[in-house]
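Working notes, beginning with the structure itself.
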Amino acid sequence: MHVFLLYMAKKENSGLSCHRIEALTDGIFAFAMTILVLSINIPLSSSSLEGKSVADTLLMQADKLVNYGMSFLLLAIFWLSHHRVFDHLKFVDSKLIWGNVFLLMFIALMPFSTELANEFPRDSVSDFLFAFNLFIIGLIYYLLWSYATKGRRLVKPSLDQDQINRTKKSLIAICAISVLAMILAFVHPIFSSMVYLLIPIVLWMTKSKNK
Amino acid sequence: MHVFLLYMAKKENSGLSCHRIEALTDGIFAFAMTILVLSINIPLSSSSLEGKSVADTLLMQADKLVNYGMSFLLLAIFWLSHHRVFDHLKFVDSKLIWGNVFLLMFIALMPFSTELANEFPRDSVSDFLFAFNLFIIGLIYYLLWSYATKGRRLVKPSLDQDQINRTKKSLIAICAISVLAMILAFVHPIFSSMVYLLIPIVLWMTKSKNK
Amino acid sequence: MHVFLLYMAKKENSGLSCHRIEALTDGIFAFAMTILVLSINIPLSSSSLEGKSVADTLLMQADKLVNYGMSFLLLAIFWLSHHRVFDHLKFVDSKLIWGNVFLLMFIALMPFSTELANEFPRDSVSDFLFAFNLFIIGLIYYLLWSYATKGRRLVKPSLDQDQINRTKKSLIAICAISVLAMILAFVHPIFSSMVYLLIPIVLWMTKSKNK
Amino acid sequence: MHVFLLYMAKKENSGLSCHRIEALTDGIFAFAMTILVLSINIPLSSSSLEGKSVADTLLMQADKLVNYGMSFLLLAIFWLSHHRVFDHLKFVDSKLIWGNVFLLMFIALMPFSTELANEFPRDSVSDFLFAFNLFIIGLIYYLLWSYATKGRRLVKPSLDQDQINRTKKSLIAICAISVLAMILAFVHPIFSSMVYLLIPIVLWMTKSKNK
């Protein structure tokens, strides 16, 4: 019990408890994931159908539903990463909090990037910006994790070095995949969004040993 | 006290605490239920009235308010089911978390399905898609519950077999009602949405003995 | 400590913990209060100004900002009431939960009612519907409180009868004020929204002795 | 342990626990920060491009993305201030709660002010209103803090006078910067938004000694 209270006390060391940071983070993730639904943005008023049936209109714009699903899953992956990173923290300091704020800024921008990709399918610029948004998110995660684990500054002693390295590798992989998508956006826009299918494969590979 | 702490420790066994999964889930449910209000979407600018009074316009589109209420109640039912399922979990594993993510993806899609049903009342395709969305949600719940309770993998030992079976039956019933609504959407669109009135009756029947 | 744990156990008696109901409720209130900002809905595109300056446009539509503030404060009052009611609960049962769901349905409808009042200022129908929404909320609160306190079914024994009665009176007063606003909407639309100023006065009067 | 429970009991002294106020506050901040993304409002439909490329359209309206980032960071700063202020409270009373409600009202208004600034860049009125919104937020914070710390009414005894004064100074500085931005909005609209760069500098100066 004492250990538990000591641990709690430590967590609030910086005057900034993990609890409320997680509450804000969960709120922003939940909201960004739900507001994605507004990015589907299929013209639904009867006048916009122009003689086509509802089924035709939806089928023609099915890629918007696919994009919705993809962005939702990517945000879920990032939310789980956030979860894993913060679960290993002993306490948080000002730098980590500001890193987290910048992370959330680009998380909250995802519905905009998704809408952009939805409005201009197979457009180099919109595909590039979507990939760029992911790259920034991956990069900030990597920097946060490096900062927190350097000399085990902010992480619990129970966390083994092997796991620190595996998390690092998976974050580098997400950055690399985003860069690949950014390049493909200008070369073969059609393949750009397919690259993201590599993310679950990479995550599964870097996490297979761990539980 | 020790028992309590041990139990807590167990819950966080997988490195993924129930607490933050519930926070994200509650956030997405709360937001999906509130953003439904945007799906009412009655043209309200003075210019769109075209000489009709406010009262006439609202009465003519009263079915949109009914749909809002129905979707709100269905989401509330699903939220309560989530609640009941997660209350019986000892701990969560990766598969359950990903199942939960897919569940939330279709929960967050409900405002879109509702808007679709609002824009094209008595249209076979939009009624079918609304029912299909419900069917997917019911199916994922059923799969999650089957997975969690198989050999009491993730549920507490105190949960009796009778309750496991009753929950299963009620989830199968929700799936069956959705399939019925999907069929009726093409046969008698008018009756399609009335089928959902069966859901509270079924829930009351399968839960009457419990509590 | 034991007392505390026993109390916790009691709270979860019905298989439905207060904690997650409060989380959903707080989420819906927070979101309804924030999404109100979308109901301000002042046409802001440069083309809609039609030669008027930004300042003129805003001044002409200042009543929308007043309505935003009023709805925000009313929701805050209802959130505080929710708080006070739930703080006195020993545990929750199914009926209370469903009452709460219906309450939240009309809370989440407030941004719609506010937008309606914003679009048609001094229109009898929109003023009536705004008042009607408030009336339903007040009525559900009254029914919830009556149900929970009858024979002290769900409330803690420490709650004295005097406080139960004062809370009842304040909820009846909110209903009465709403009915008055509903009538005035058809007689003197201009005075209809002024009636709400009575709410803080009544709340202050019924709560003055307590704390 | 006893001290801890006593402290908890004290926090709930007024019948209004800090916990749910923080939940509502975190929810409103999270939503306001995420809904900012809707204020970017770059016309994205293919028809609105009028022959310009996607890249050109985005570059021409890049200031909207800058405004998004700025408003997001300002809200993050205010959220952290809220955090710091509430962490030092022993308990909350009615006056503090109502002050907090008014604070949240202007926090939830930020997406509107940002949209206004986005639609009319370098317009005196919209820049003034954005600065005015910030000023009101800073002022309410200052009043809340003065009220809570006067005779250490609501704050913990462990809080030293030096920290109380430094927090006061930083809040006065935010108000002063907002007033400066309000004046500059009419003199040199271009410089008005640059003034906000002073906020992080001031915050860093008033907090440097602490931690």
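Going by the order they are written in, the chains are A, B, C and D; count residues from 1 in each one.
By definition in this document, a residue touches a chain if its C-beta (ideal position, glycine included) is under 8 Å from a C-beta of that chain, and two chains touch if they have at least 3 such contacts.
All values reported here derive from a predicted model rather than from experimental measurement.
Rounded to the nearest 5, the angle that brings the Cα atoms of chain A onto chain B is 90°. Where chain C touches chain D, under half of the residue numbers in use are shared by the two copies, so each contributes mostly different positions. Here the CA centre of chain C is 25 Å from the CA centre of chain D. Computed from the mean C-alpha positions, the centre of chain B lies at a distance of 35 Å from the centre of chain D. Among all residues of chain B, those that touch two or more other chains are 1, 23, 26-27, 30-31, 35, 38. Per the touch definition, chain A reaches chain D in the complex via residues 1, 5, 12, 14-17, 20, 23-24, 26-28, 30-32, 35, 38, 94, 97, 101, 104-105, 108-109, 111-112, 115-116, 119-120, 123, 125-126, 129.
Considering their complex, residues 1, 4, 22-23, 26-27, 29-31, 33-38, 40, 44-46, 53-55, 58, 68-69, 72-73, 76, 79-80, 83-84, 87, 211 of chain D touch chain A.
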